[in-house]
C-alpha cells in the first residue's frame, strides 16, 4: 500500500467535469467490437488511389523487390503467404482489422498525421485488407462491416502466461 | 584529438585547446557561482542514437540514478512541445464523473515519489563482439519520479466496478495508445510530472506521463492527454503489431512485466583491464519486485558467487552490485545473473529458447550477458546465436 | 512577458514566441531521439546567486534528488578547471606509505554509492516576510554520490595509530583547507568522483571531492588534491575566522554535524493558496542520522501532528514529508519540526537563544520556520528577531 | 559498517609511492606549533609598504570610515578595541597567528594568489599583527617567533560540546 487514504475526504475538489463536447473531440479510439468507429465508408478501389498518392512513397506499392529500404515498413506485400517470422505484415500478424483504421487515422501519413478524412481511412483500410487477400475489392468498409472482418493471425494471439515465480517462460 | 578517458580508454573528442592548456587552477580565480551548473568540458558521455531511439551509456554511469538528459529515449513521432499552461488530462469512459485536470490540479493532489527503472521491452542487441553495455541494453534508465497515484485520480472520478481496462493516450504526433488492466492502477501506477527533482524532461513526457513501475516502457505513455475506462482492451497497434512476440506456435500478447536482468558494466567492452584486483560492477533489476541476489561467475558459468548489493535495495529498481575479483591474466568469461524476490533467476539464452522456441526474439529478452576477457586484458561481448 | 507557472504563480520569463505559438503537437512530428536530453523551454528554475554562493530553488523541486545543475554552490575563489588526466590525490604525513593516486586509480578501488545531503553551515536567512525557501535555506542539496570510502585509502597508505586529524586541501585558487578528525574516515567519509550517475559537476568539485555525510558543507573539500595525516588540527582560516560562532561567552569551534532541520516548501512564499484541501510538503534532514518523525502545526505551534515520511528514509538524507490539511480560510501559521533518530527535536529560535545566547548567529542555525497564511491565501515567511 | 573488508587483499596495488620532492611541492600548510613555516623573515615596516601596494585596495588602510564597502573584509581597523559581535577581525577573533601566514600565502592577494614570496608573507603577517596592536613595529616574524605570538581571542575558543541526543546546544 503506497498511500493510506483512511483520512481522505470524499473528493479533493480539484479538476472540473468534462463536457460531452470535449470528450468527443479527443475520443478517437476504435475498439475491436467497433465502438468508436465513425460514420462514413470506403472501398479498396478508392483506397488504392489514395494509397498510391499518400502512402506508397514510404511503404512501397507491394511490387518492388524487398531489398529497397523504405522509410516505413512493408504493409502487405507477400503478406498472406510470407513467413511470419521473416516479415510481419498486416495479413500474417495483425489480429484485428479495427486496429488498421485506428492507427492510420491517428498517426498516418507519418509526415502529415491527422490530415485524412474518415472516408479516406475507411478506403485505405479496405485497400490494405484487400491487398492482403482478406477482403474482396468490392467489400465496403464501414462501422458495421469492419469489426466483422476476421484476421488470419487472430487465432495465434494468447495472453501472457508468465507469472511471479521461478519459472522461465 | 585523441585522449584517454578517466578509465583509460582512448576516445575521440573535441575539447577546446583553451581548456586543455588551462593555467594552474590554484593561481587563477574561476567563474563565480551561477544560476545553472555546468558539466566539465572533459566529459563526453552521450546517448547512442538511432532513428527511433537513443540509448543510455550504462558503462559510463555510476550509482543508480540516470542523469535526466541521459535517460533513454524511444518515441514514435518525435518529442512534442507541450505548453504546461494549456495542458489537460481527460479521464472518461466507465467512470461516474468524467473529469478534466490541469497540471496545477494534478500537482495539488496527494503526491508520491519513488525511484524505479524504465526499460523498453525491445532492449536487446546481440550481433557482434564489439558491443558496449549501452548497445546491448541501454534502453533502460532510472529516475526518482514524483506525481500522484493513479488510484487517487480513479477514486476521484469514480471508476465503475465493471471497468477492467483503461486506454492511455499520449498527445504526441503518434497519439500513442496502450490498453492497461485497471488492476495496475490499484497496485502502483502513477501519473508523474517530475523526474530527478525537477519537471519531467520533454523526451520523457513533459509535462505529464503515465508511470507503470516494472512494466515495459511503452506502456508508461508519455505526454499523457487522456485515460478512458473500458471493459475490454482496445487492441491498439502497439499491443498487437508491436510489443508481442512468438512463443512456440503462439503470439504472446500483453506481456507487461520486465523479467529480472543484470549486466556487468565494468569490465565490459571497450575496456582493457590489467591482471590483479578488479571490482566487477553492474546493475540488476526486475519488473516483478526487489532484487534479492546477484551472482557472478568468473569461470564461464561453472561456479557462481554472491555479489554485494548496494543499499537501499528498492522495489522494481536498478540495484548496484559489486564483486571483488583477482584476475590471474588467463582468458576467461565473466557473467552476472539477477535473482528477484519472486525466486526467479535470470536465464541463459538456452533456457529462453527452451521456453519460447527458436522464433522468439525482439521483445522481453533478458538472457545472461557474458564478457570474454582476453589474455591482453581486452574485454569483448560474447554474442550467442539461437537460430 | 508575464505568465503563470504551473503552480499558478505569476512570473517574468522569456519564452520565444515560436515555442508559445507552437502548432498542435499531435499534427507535427517532433525532433528525433538525441545524444543529450533537453529541458522544456517552459521551465525557468534557477539558482539564486550572490557573489559567494548560489542557492537551490527548494520550492521548485520535487522528491529528494537535487538536479546536479541546481546543486547549491559555495566557493571561495570560483570554480577551477581541472584536467582529469592530470589529476592526482596525494596522501602523506603520519602514514606508513605516502602515496599518489590518479583518478583512474581511485575509480578502481572498491566503490560505494550513497544518497545524502550537503548543507552549508551558513544556511540561514531571516530578514523579511518576502523570503522563499530558497532564500531562507537554499544552501542545501542532495545527490547520489559514488566513490571510494576514505577508510579504504587510509588502509592502503597505513595511517599511523597516533594520527588523530587530517588536513584536506583543495586544488582551487583558494587552496581550501580544513582539519578533520581521523575518526570520521573510519565512520563514513568518502572520496567521491560521481554525482547523480555521472562525473561530479565542476561546481561540486570535479573531478574529486571529499564527502563527509552530515557535516557542514565546507568540510567536504572540493577539487581535493591532498590529505595530510597529523596529530593535531591545523587551525586553518576556515576553522577559526570562519565556521565558528559565539556560544554565550565562548566561541564554538569544530562544530561539524548539521543539527536536524526541516522546511515546508509548499505552501510557502510566494505561493497563494485557496481554501480547501492542501497537501503541506517539505523536506527534513539531520546530520546525526535518520529522520524518524516530522511534526506539523497548522495553529502556530499550539498542536502538532505527525506528517507522512516518504520511503526510503535514509541516513543523513533529505527526507520528504507530507501532511494533508483542510484550510478553512482563516489567517494562521503553519510550521514543521524534524525529529531525528538521536531523539533531537528541531528547536524554536527561542530555544536556540536560550542555549547559545543572543550573540549566536551566522552558522548552524536550524530554527523552526513558520509561514503565515493570510485570509487572501498569500503565504509569507515569519521573520523573528532575537537581539 | 559500510564495507566488509574481510576478504580484502593487504593492498590493491593501485597508486604509486609519493616522492619527497612532490610532497614538498604541495605541502604548504602551517600548523600552530610552527610546523610547515618556511625559512625567511619579515617585519611590520616592510609589511606596511607591501600591504599598501597589494592589499589596501581591497581591505582598506584601516583609516577610512567603515561605511565604505570594500571587496575584502576589514582585517585590523579598530580591531583590538572593536566589539567582536559587530566586527570580527584578526585582533579580536583569530586564535592563532600562524593562520595569517598560512592563509595569506595560499590565497592572497585574492586576484593574484600564489604570487607572494615567503619573506613578503612574513612581513605582511608582521604588519597585520602590529596594526592589530599585538606585536611591536620592530618584532621580526620568522619560523621561530611567529608560533610564539599569543592571540587575544585564543582563550575564547572551545571545541564543540554538542553530542548526539535530544539536548539543544
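Descriptive notes on the structure:
Every chain is named by a letter (A, B, C and D) in the order it is written, and numbering of its residues begins at 1.
Operating definition for what follows: a contact is a pair of C-beta atoms (placed from the backbone, for glycine too) under 8 Å apart; a residue touches a chain by one contact, two chains touch by 3 or more.
Please read all numbers here as calculations on a predicted model, not as lab measurements.
When the contact pairs of B-D are matched by residue number across A-C, C-D or A-B, over half of them reappear in A-C.
Centres computed as Cα averages put chain A at a distance of 51 Å from chain C. Per-chain Cα centroids separate chain B from chain C by 28 Å.
Contact with two or more other chains is made by residues 8, 12, 110, 113 of chain A. Shared contact sites, meaning residues of chain B that touch two or more other chains, fall at 26-27, 29, 77, 108-110, 112, 173, 175, 277, 324.
If the chains shown are joined wherever they touch, the resulting network has some other arrangement, not a path, ring, star or complete graph. Remark: the chains found to touch one another pair up as A-B, A-C, B-C, B-D, C-D. By the touch criterion given at the top, residues 76-77, 90-92, 97-102, 105, 108-110, 112, 114, 149, 151-152, 155-156, 167, 169, 173-175, 177, 188, 225-226, 228, 230, 232, 234-237, 240-241, 244, 246-247, 249-257, 259, 288-289, 342-345, 347, 351-352, 354-356, 359 of chain B touch chain A in their complex. Chain A meets chain B in the complex at residues 2-3, 5, 8, 11-12, 14-18, 22-23, 26-33, 84-85, 88, 90, 93-96, 98-99, 102-103, 106-107, 110, 113, 153, 156-162, 164-169.
On the chain B side of its complex with chain D, the touching residues are 24, 26-27, 29, 276-277, 308, 324, 326.
Those residues of chain B that touch chain C in the complex are listed here as 3-4, 6-8, 19-20, 22, 25-43, 45-54, 60-71, 73-75, 77-85, 103-104, 107-113, 144-146, 171-173, 175, 193-194, 196-199, 201-204, 206-207, 223, 277-279, 281, 310, 312, 314, 320, 322, 324.
Interface residues of chain D facing chain B in the complex, by the touch rule stated above, are 4, 7-9, 12-13, 110-115.
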